[in-house]
């Protein structure tokens, strides 16, 4: 159990990344593809937070505990993940805006049917 | 002085925010003037800082100067290459803004300031990326630069191609960025640091005498995947022609002139600071990986470039070919190679931006960027034609252009059979440009017949101005002329090459010095490329019928399918390839 | 014990991510993504990152599904208009 | 490229990357390890500057430069969405018809909107003390406003949403953040240096130097940015219609 | 180690798995109901976790979920009303059961915390959670009948 727990969170992050990529590559609907891209990004959250976790630790937020009384997890990765989440939301919004325009101009959501930009 | 470094990011962002805030009230000329002024101020600041960058300076954002070698702040690097890139970015943005003066027909209603504001954010983001000495900070600015670039690429929402190209660009680049972030996470897990130099030291300490392990390899592959996607290296390159062919011309100037090159710069910076130590990736493996991918990129880019008829797309493929050449020069890991790449990037930025500017003039005058359709129609645009042809020759590396100097120094650095790649790639891409010049501006040769090949034509494009222009405005010819003059100056001003070489080597090669000046060898090779380019163009134009692309080209062209899913699959395959190329050193270590 | 909790949260997230990719209909995918957002928030709490959990809740549970659903609605409305015009 | 070929490519690339990632995971320090040098330093620095929430301290003090980039991404994305979702040449606006919503839902929406706004404000204001901060609170406040659309109708939302003002607020908050940063340069310290204001008493609302100010700037930026973003999508979904069919 | 975390694990495992199953299978209408119940099932788990870790600050997460969860459901109820038309989903038994669990958790926590600001917060969360859920369920089972345009 514990030997597995040593690597499982990282492996799950890798698995989620690859799953997202699979969905992205085989998607038949551009909105679905944007959703898959956000799944890919979820893997980076998991990886970063797993890296910063410490067994028995607690969040370094001292509004309700005294400093120095309990072991702490890494605050830096949490700050990084926060930035990452903002990035994810904005990229999703921007790509969805582009998808809406694609539907207007091409009349389809299926990437297989987009027949411009070849060769 | 070093406190001013972050201002290279802050000033354009402030300008953009003010433009966006006042955007509803501001008349259009005022908005564009503000954009130009802010951009020019940043460029001036970058120049001043560049002149004071020897010895290199470091700034800690937030004033978190290290205590006992440890800091919690973000490192901002002000050395020759970083400030040089920032200056290049600023000057090129300035020329793009000048080019787009009164250019777009219809700014979004009530948002006159949005185009200059986006351009300023783009400038700030690229400066921030160039100055980043902290890996996560580099990721943030990488992402900022990408986000703005997606929006700018899709700016012309009425165009079917534009929105498709922007989406492809967005998906592939975002995925690359996430791969890079995963790599950063792995490095943080190993070393517990984010500053590039500290990660490098941390890797060396962690490795001890054992050399790199699988984690270092994975981190290397993932971080480089992100950067190489930006640098449009084969097989991560597919998004580039799709995006560059459809973006508004001033944006193309920036994308092709400097954003793609920032990917190469990122590779140089990250390898040199993070992975160059004994705990990183051995030099031989990096050379193998970069030279292989670089040659592949140069060849693919050149071949695809030759068989394009959409002029902007042709130029985009030529950017790919040249990026491959830069990567090869960086990949040989010698001070001379770095110098060559730096000079080549500088010269190429001026030339390529000028060529795009000329293509934009064609688009706005005739509503087409198709080589076949425009055959002989642009005779009246003498100035643009001359500039386009001169740009083509400069692209071939004709002495004394800056591109020629960069190419000559790079060729000297890589030596041996790789020189052939340099000569051929630059000759073929330049030949394609000259062929277009001859057909479009002079009407030479018989009009090519249309084939129903698998290709993107450039006809029936909507001009970017309100209606077709009756004559090309002066800004649209002055800007490319100035850019070409700058490229010429880089090769002719005595001592410029040495100056660049000195500042690059001071930052990167640990004191090793190389000089970068014209040699007989280099001049001859430059002349050979230019002659070859002219010969190729002449042969293409004078052939009585247009030879359709040979059969072996068809699969290569089919790969460029415009399909997001294909590009994602290629991205995964590319990172696997990168891992395989770098694997021997890890196994041996 | 806290290992078991982390394990449960991780497995839920992995399963939901797989489901989100497997749902090919965007509206249904948005539903799964919103559930994924909530599971992730719980995972982040378990990993002692309440700040991140909060923003994941705000973004994942409400904002992203709203954006996706608005896009879906736009496309459906467009299709309906087209069919009506025909 | 055919679907089959793409799947093959994907399989090869995916397998290779999976192998690399798995090998890397096995080399990673075990999950839950104790060595976090940067994290330990960050906690120390945060306590030295009287900021109770270390994550806020990292975001708005130690790595405030990253947050500048982050908020510029949001700013740029909003600007981009405004540009991309503008009314194209061949489109016009149609007034949406008023919607009828069951009374309990309407009542719930009207009750929760103020509660959510207060909650968002609370999360922003306590950002440097307890979990939360400008980003989280801003999104909550902005999303809550859209309950008016969900519970009532689009016109009700439009009445409380002067879009121009929100766009200006979005941009001006970015300005405010930058000006706070530039104050450090003018004072001769460094960009975004948190040395000008007193650090206050630990665990109170005014502690942490300029952390609460930056936090508030981000909160305003995010709230107005999300409102503008959603407004553009709502316009597309509800109002903007293409002119000719086919 | 304490019972709170154990309870949270059980709640997360059971509720989460059920929610996942519900939201990935069956007709769209059923899935929206499952999405709604996810909020109701996981919000108490977050409260239990806050208590188990001894961190009152974590309660904010539950507050936010109680506030935004129903908003999310209303998004789907509003924008998917075509799909919900006709086959009005209702799982009132399950809804009340989950609401009951939520109420029980809130009451248990109130008993432990004792009177004070923390208790007020808990009660607010409880009210928002249960009220929001019932309203959202109501909306799904026909609250938007007769909705036009907009």
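Residue numbering begins at 1 within each chain, and the chains themselves are lettered A, B, C, D and E in the order written.
By definition in this document, a contact is a pair of C-beta atoms (placed from the backbone, for glycine too) under 8 Å apart; a residue touches a chain by one contact, two chains touch by 3 or more.
According to UniProt, the chain labels map to these proteins: A = Dehydrogenase; B = NADH dehydrogenase; D = Sodium:proton antiporter; E = Membrane protein.
In this text the structure is predicted, and so the values were computed from the model without any measurement.
If you apply the touch rule, which chains end up adjacent to both subunit A and subunit B?
Chains in contact with subunit A as well as subunit B: D.
If you tally contacting C-beta pairs, which comes out ahead, A-C or D-E? Let me know.
A-C
Compare the CA centroid of subunit A with every other chain's and tell me the farthest one.
So the chain farthest away from subunit A turns out to be B.
By CA centroid distance, what chain is farthest from subunit E?
B
So how far apart, in whole Å, are subunit A and subunit C when each is placed at the average of its C-alpha atoms?
11
Roughly how many whole angstrom separate the Cα centroids of subunit A and subunit D?
16
Residues of subunit E that touch two or more other chains: which are they?
53, 55, 57-58, 60-61, 64, 68, 71, 75, 79
By the touch rule stated above, which residues of subunit A touch at least two different other chains?
As it turns out, subunit A has residues touching two or more other chains at 5, 8-9, 17, 21-22, 25-27, 34, 50-53, 55-56, 58-59, 61, 63-64, 73, 76-78, 80, 82-83, 86-87, 90-91, 93-94, 96, 98-101, 104, 112.
Two-or-more-chain contact residues of subunit C, please, as numbers and ranges.
In subunit C, residues 2, 22-23, 30, 48, 50-51, 53-55, 58-59, 62-63, 66-67, 70-74, 78 touch at least two other chains, as defined above.
Using the contact rule from the top, write out all pairs of chains that touch.
Result of the pairwise touch check is A-B, A-C, A-D, A-E, B-D, C-D, C-E, D-E.
State the interface residues of subunit A toward subunit B in the complex, per the touch definition above.
On the subunit A side, the touching residues are 13, 17, 21, 24-27, 30, 33-34, 37, 40-41, 43-44, 47-48, 51, 76-77, 80, 83-84, 87, 90-91, 94-95, 98-99, 101-102, 105-106, 111-112, 114-119.
For a test of understanding, state which residues of subunit D touch subunit B in their complex under the given definition.
The touching residues are 1, 6, 9-10, 12-17, 20-21, 23-24, 26-29, 35-39, 41-42, 45, 58, 61-66, 68-70, 72-73, 75-77, 79-84, 86-90, 164, 167-168, 170-172, 174-175, 178-179, 181-182, 184-185, 188-195.
Which of the residues in subunit A end up touching subunit E in this complex?
58-59, 61, 63-65
Please give the residue numbers of subunit D that touch subunit C in the complex, ascending.
Going by the criterion above, the answer is residues 53, 55-56, 123, 131-133, 135-136, 139-140, 143, 146, 226, 229-230, 233-234, 236-237, 241-242, 245-246.
Can you tell me which positions in subunit B touch subunit A when the two form their complex?
136, 140, 143, 147, 150-151, 154, 157-161, 163-168, 170-171, 174-175, 178, 181-182, 185-186, 188-189, 194, 241-242, 245-246, 307, 453-456, 557-558, 560-566, 568-569, 571-572
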